[in-house]
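Two complexes are shown next, each including chain A; its partner changes from chain B in the first to chain C in the second.
The block that comes next holds the complex of A and B.
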């Protein structure tokens, strides 16, 4: 790129940014005025001292009505003309019982088209500035037309989506009839606007880059076709990864520093307050410590697995059957495993305690005693992983060149020396890999805790994932749960980075 | 020589012991599932039912609407398998076979997503699905696991290991890119597809946490969640619980036993799983 082109590109980006900010602000602001007449109706009701009982009973079928009453969340329904209405439950003054519903015509479709137009103009302007009129012209009128159309479509789609989400998220969630003022929509959240604008800007930048690239490829049609084809092949997975993996990472960090109350529509920035809260929460530290202790089952199981692999490292007939059998716990339903082990560990009638009694040992209340509950879960996990680890070790052992062991034997090394000086160093990569993968996996464990102990007794088996689950879905503190998730995420990222460093290169070749 | 024989004997003994250790809890599950409700309450407990009581299965599986749960689990598993196989085959093929603008940075992005622990993304994923209005719907239930990055890498590696001659020959015969992919490349990649499908099925069947948070109504429960809540309701009836557990095990065990070759191939591929 020449300097002129760079200057043009910077200018185009600035223009683009200004245009999108304008567009975004305009659309979000227009939501603020959604359906004043509806609001007036409620005001009239309220002034007569009447409760604005279900606003749209006629528009809700029985199932929707029930859902609305149960769920206490906005619900999208359609009026007889097929126009979308966002409804929200109305609670009584004590914020206790749901006494009705309010509806808002969101009208996002009608609003999308007019605001998409300026977005397109901005895009076209950016395009011309970036590429120079000459190269746009050289791309051919058809390419330019298709490009413009695609850009307009993209701008319209993004704007429509944005309006849809804005309408849903802005619907009043706790409008108490006593103070109908709250029916007025809150101002759009700045952070939400920023997010949408950032998405728009990224999409625009990508579109501009794509058109720029296309113009440069003039005369190389095969390459252009292959690129378009390949991107189409990748589009489904990329779309999913963006929506369910990449966006959630950014969103996670965002939530962790904001207030997120399901019932409130604004999410003020609170800085590190949630992190301070979990840092002061002994249960969080308990869960973290439990998780670290729990992870200890990994090295212990590895030792047992290595011992088993050493014994079995010879051409035994029927070893294939064994290989299938040891994977049973690995593939089996975890809830089923949790149940049978809970039964095995039963204090009065469990087989394990029956065996202890037979050996004249005292019974143990495995899952009921805070001192033994976590070790009991570790035992179950070790049982589940032993076979897998053994098979991996077996493969590692069989990959050691026989000549190496033979040479060691000729040099007079005894069995222990051969193990310590040849086998163990050769297995080092396998061991590191198993250790890190196992520890990473141990932090994913949820089912055993959920089914067998529910984190108890007295939080002895409370692990981070369970804490997150409870905090978010039982206590409804999504923001605090997000802060915990950030900690978990960073912890696992460090472990994964270590794992990748030991594997070296692409993990696909591991 | 005697040393070798002794070692073999120890080896076999260890193998049998290990196999027993692995299988015993499953056998105990089955044995208890056939016992009478009060028969189990003895110390020491009987190892085998005095008279096998198969009614436990029908009673346990109708005490809660397990037919519905199995249907939901099957939908979840089928959607996960279909989604992961289709997207992995397509993206893996594109990465392996096409030279296109943006491939290197895109591949880096895909690699990067492998590092991100999905377990930490529960909250934002749930809120995103909630914003889309998909909480408590089948679409929301299946949504998050439709694409697996590791499957894309497996497919890519597999396509890289295949010769391109047949694809080129098809192109010379005038096949379109889509035809080359579906008629030539995909049939050759059947083993890799089987591996992706198998792991997708097992993972979907074992999934508990996401189905738990996404299904508010009992009608959307999967088998794992159903058995877990069954456990809470019939806490004292161990034969029923074991019967439900056995029922939950059967589909995934059958699939595993039928497709264990694909399973071992997947393990050899690496430890994303």
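The block that comes next holds the complex of A and C.
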């Protein structure tokens, strides 16, 4: 065996051991949980009046007896052989006084059980892993990763199965009176165990790939050091990303398929029920449609921004001041913009209506009329985004080499041809960027709606994010809101993928 | 094809920078004229004035019979090849070459035919579907040339089109450009700061400095009969040797001495081409010490330092029989010394003023 193979094998064993301990611990924990359930069940029977005859364990001494009376909870006592016995208090019909106790079962037998029999299986699994590590260490890095993932997945599944088997097959040694019903064991929760195993399988795969990579780099120490350094450098932001972005998103997906009542202690899995609910909700579709209409302000603003950029690109006196003025709205706070525009658009005191009145036109209740509320919001968004888009276009224009435009002039192109055949195509990456990021941002739009219209009038400006906000914080339906968020997330994911494709598809400039 | 005439052309940039200063120049119909000069002397500015990318402060530009001084570029019928080629990066080579025809609304089949012809002439017909980014420097240069010739313009302008190429491709392209010129019979104005390029390609060379044309003429005329010290220094590689001294009426006396029938008794500079220095025994010659010998094969460059401190370079045929540190005597080939006035660099003597 080469050193790389040995390293991979040791790593494999280590991970497997961690997996076993982790899952084992969890299984035992779930047995404890079962203990408590048994006690609860027993108490229920007692309070219904089916009081069993008092049956103190013979060896319960005075001190233990007193503790039992005082604490009203299961107590661990020892039988003459030193075996732990769990006892539960027995109460009278009124559930008022403790009148006795029953020994439920001893811990010793059950705890020993999962360790003894599977030891053989464990050895076998270790052997498989060892052989697997060999073949993994001699494959390519990607193959190593995939192979290790399969291997650890299989090993973890074997371990989980075997422990589950051990746990379920525990026979409670009941010392309870015959009048009590035999207690059913709830199946131990395996969600956590599965999580541990999945994480370990992934970690194992990564670790083996890393070992493999390291072996391949033998003799190239600078490269190894550089790579390790690089990972260390991105570790803080990677950690931040995982903790504060990936994890919450994962949690969001989890919530969206469970019942998430803030007051309930358990959150049962409900599958796609919430998604079915929102699909049947006309308000959701309304919000989605509003969002699509609202997004139209992006291309419209882009055209205006490009025109502004073309004008402001001229080397005229005072042009810099003008550029700053156009850009200013973008750096202003959205809430401030919203409040100012609320006044500008006000039915009675607004500047816009004052102008209309001066022209002897009827006033319009811009934000109160369902027909004009969304266009009004689009206008405000366009006003706020114009400066930003203009600056991006300006940067794009200035990145076009002057020689190209001069060449076009010499080639005989007039101003319009120069724009259509040279400037516009060369701005295409900028335009795509603005369009896609603009649409993505428009779907995030919340502040304007929240401050100016609160989704009204009669849902005319109800966009998706506002719907989500309302569902979560006003209706307290976090699970349904999570489902909506998932839909929004997937929508934006598609747009982002599109954006990436176009960015990648751009040929490098000559 | 047309003749190009610049008369008293001047360009003063905003801020008072003088780019071109009272330049008059004519490029005959079908001629190939090179503009040379050190960096910043105004060569590009002249091309831009001719192309119409810049407006002159004074003077006029005529192409053929037309005064184009105030016409926009597209009405001047000139094509320009830029130093960095200025190919449109988003268009294929085919579309790049066809661009000048397309914007003139020429019918597609005609465009295709002429593009094919130009591409074949420059041997880039296999590259037509590529984008400029996928071409080598030499190929881009050909594409830019094809875009220029496809229009059959009255006048071609070149702004250092070879400076981005490596030495070998440059030498080859130089020859091809000359052949192209002959083939098209086109009028060409060619800007370069490389005097070798100018000398080898052009029928006529104009040497510029500080916005002015110092001298214009056939390459060998400039080499043999420079009108000023600046031209003498700029033309020729390695550079001409110079020593300071005085003229006595019949001779130049200084660190080197030679016959020179110059009337004035004046402070003067003697300039001698490396091939016009003769090395030999120190008798009756200026003593010098060899500082470096550079064998080039058919000839050798011998660098030496005169007793009086001036550094000279001599060109000798074949292998030089000297070594570093040897003492030699330096003489000027009779009749080959050029005298210039020390104060302003103007020429004092005609070359073969001798017999």
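Here are some notes:
As a working rule, the second predicted complex is superposed on the first by the 256 of 510 C-alpha atoms of A that agree within 3 Å, B and C clash if a C-alpha of one lies under 4 Å from a C-alpha of the other, contacts with A are read in each partner's own complex, and residues count from 1 in each chain.
The rule is short, and it goes like this: contacts are C-beta pairs under 8 Å (C-beta built on N, C-alpha and C of every residue); 3 or more make two chains touch, one makes a residue touch a chain.
Since the model is a prediction, treat every value here as computed from it, not as a measurement.
With both structures placed on the common chain, the touch criterion links A:231 to chain B but leaves chain C unconnected. In the superposition on chain A, contact of A:312 is made with chain B only, not with chain C. Put chain B and chain C next to each other and count what each touches on chain A; the higher total goes to B. Once the two complexes are laid over each other on the shared chain, residue contacts for A:428 go to chain C alone; chain B is not touched. In the overlay built on the shared chain, the residue A:415 is in contact with neither chain B nor chain C. Contacts of A:406 after superposition: chain C is touched, whereas chain B is not reached. Comparing which residues of chain A touch chain B with which touch chain C, the overlap comprises 507-510. Chain A meets chain B in the complex at residues 71, 73, 76, 165, 168-169, 213, 223, 226-227, 229-231, 233-234, 236-238, 240-241, 243-249, 251-252, 255, 260, 308, 311-312, 314, 316, 318-319, 321-329, 331-337, 339-344, 348-351, 354, 357-358, 383, 386-388, 390-392, 395, 433, 437, 440, 443-444, 446-447, 450-451, 465, 468-469, 472-473, 478, 481-482, 485-486, 488-489, 492-493, 496-497, 500, 506-510.
Partner chain C is touched in their complex by these residues of chain A: 401, 403-404, 406-414, 417, 421-422, 425-426, 428, 507-510.
Taken together, the chain C residues at the contact with chain A in this complex read 51-53, 72-74, 78-80, 82, 84-91, 99-100, 102-104, 131-133, 135, 140, 147, 151. Residues 7-8, 10-12, 14-15, 18-19, 21-23, 25-26, 28-29, 32, 40-45, 86-88, 90-91, 93-95, 98-103, 106, 109-111, 113-128, 130-131, 133, 136, 143-144, 146-147, 149, 152-154, 156-157, 177, 181, 202, 205-206, 208-209, 212-213, 216, 223-224, 227-228, 231, 238, 241-242, 244-246, 248-249, 252-253, 256-257, 260, 263-264, 267-272 of chain B touch chain A in their complex.
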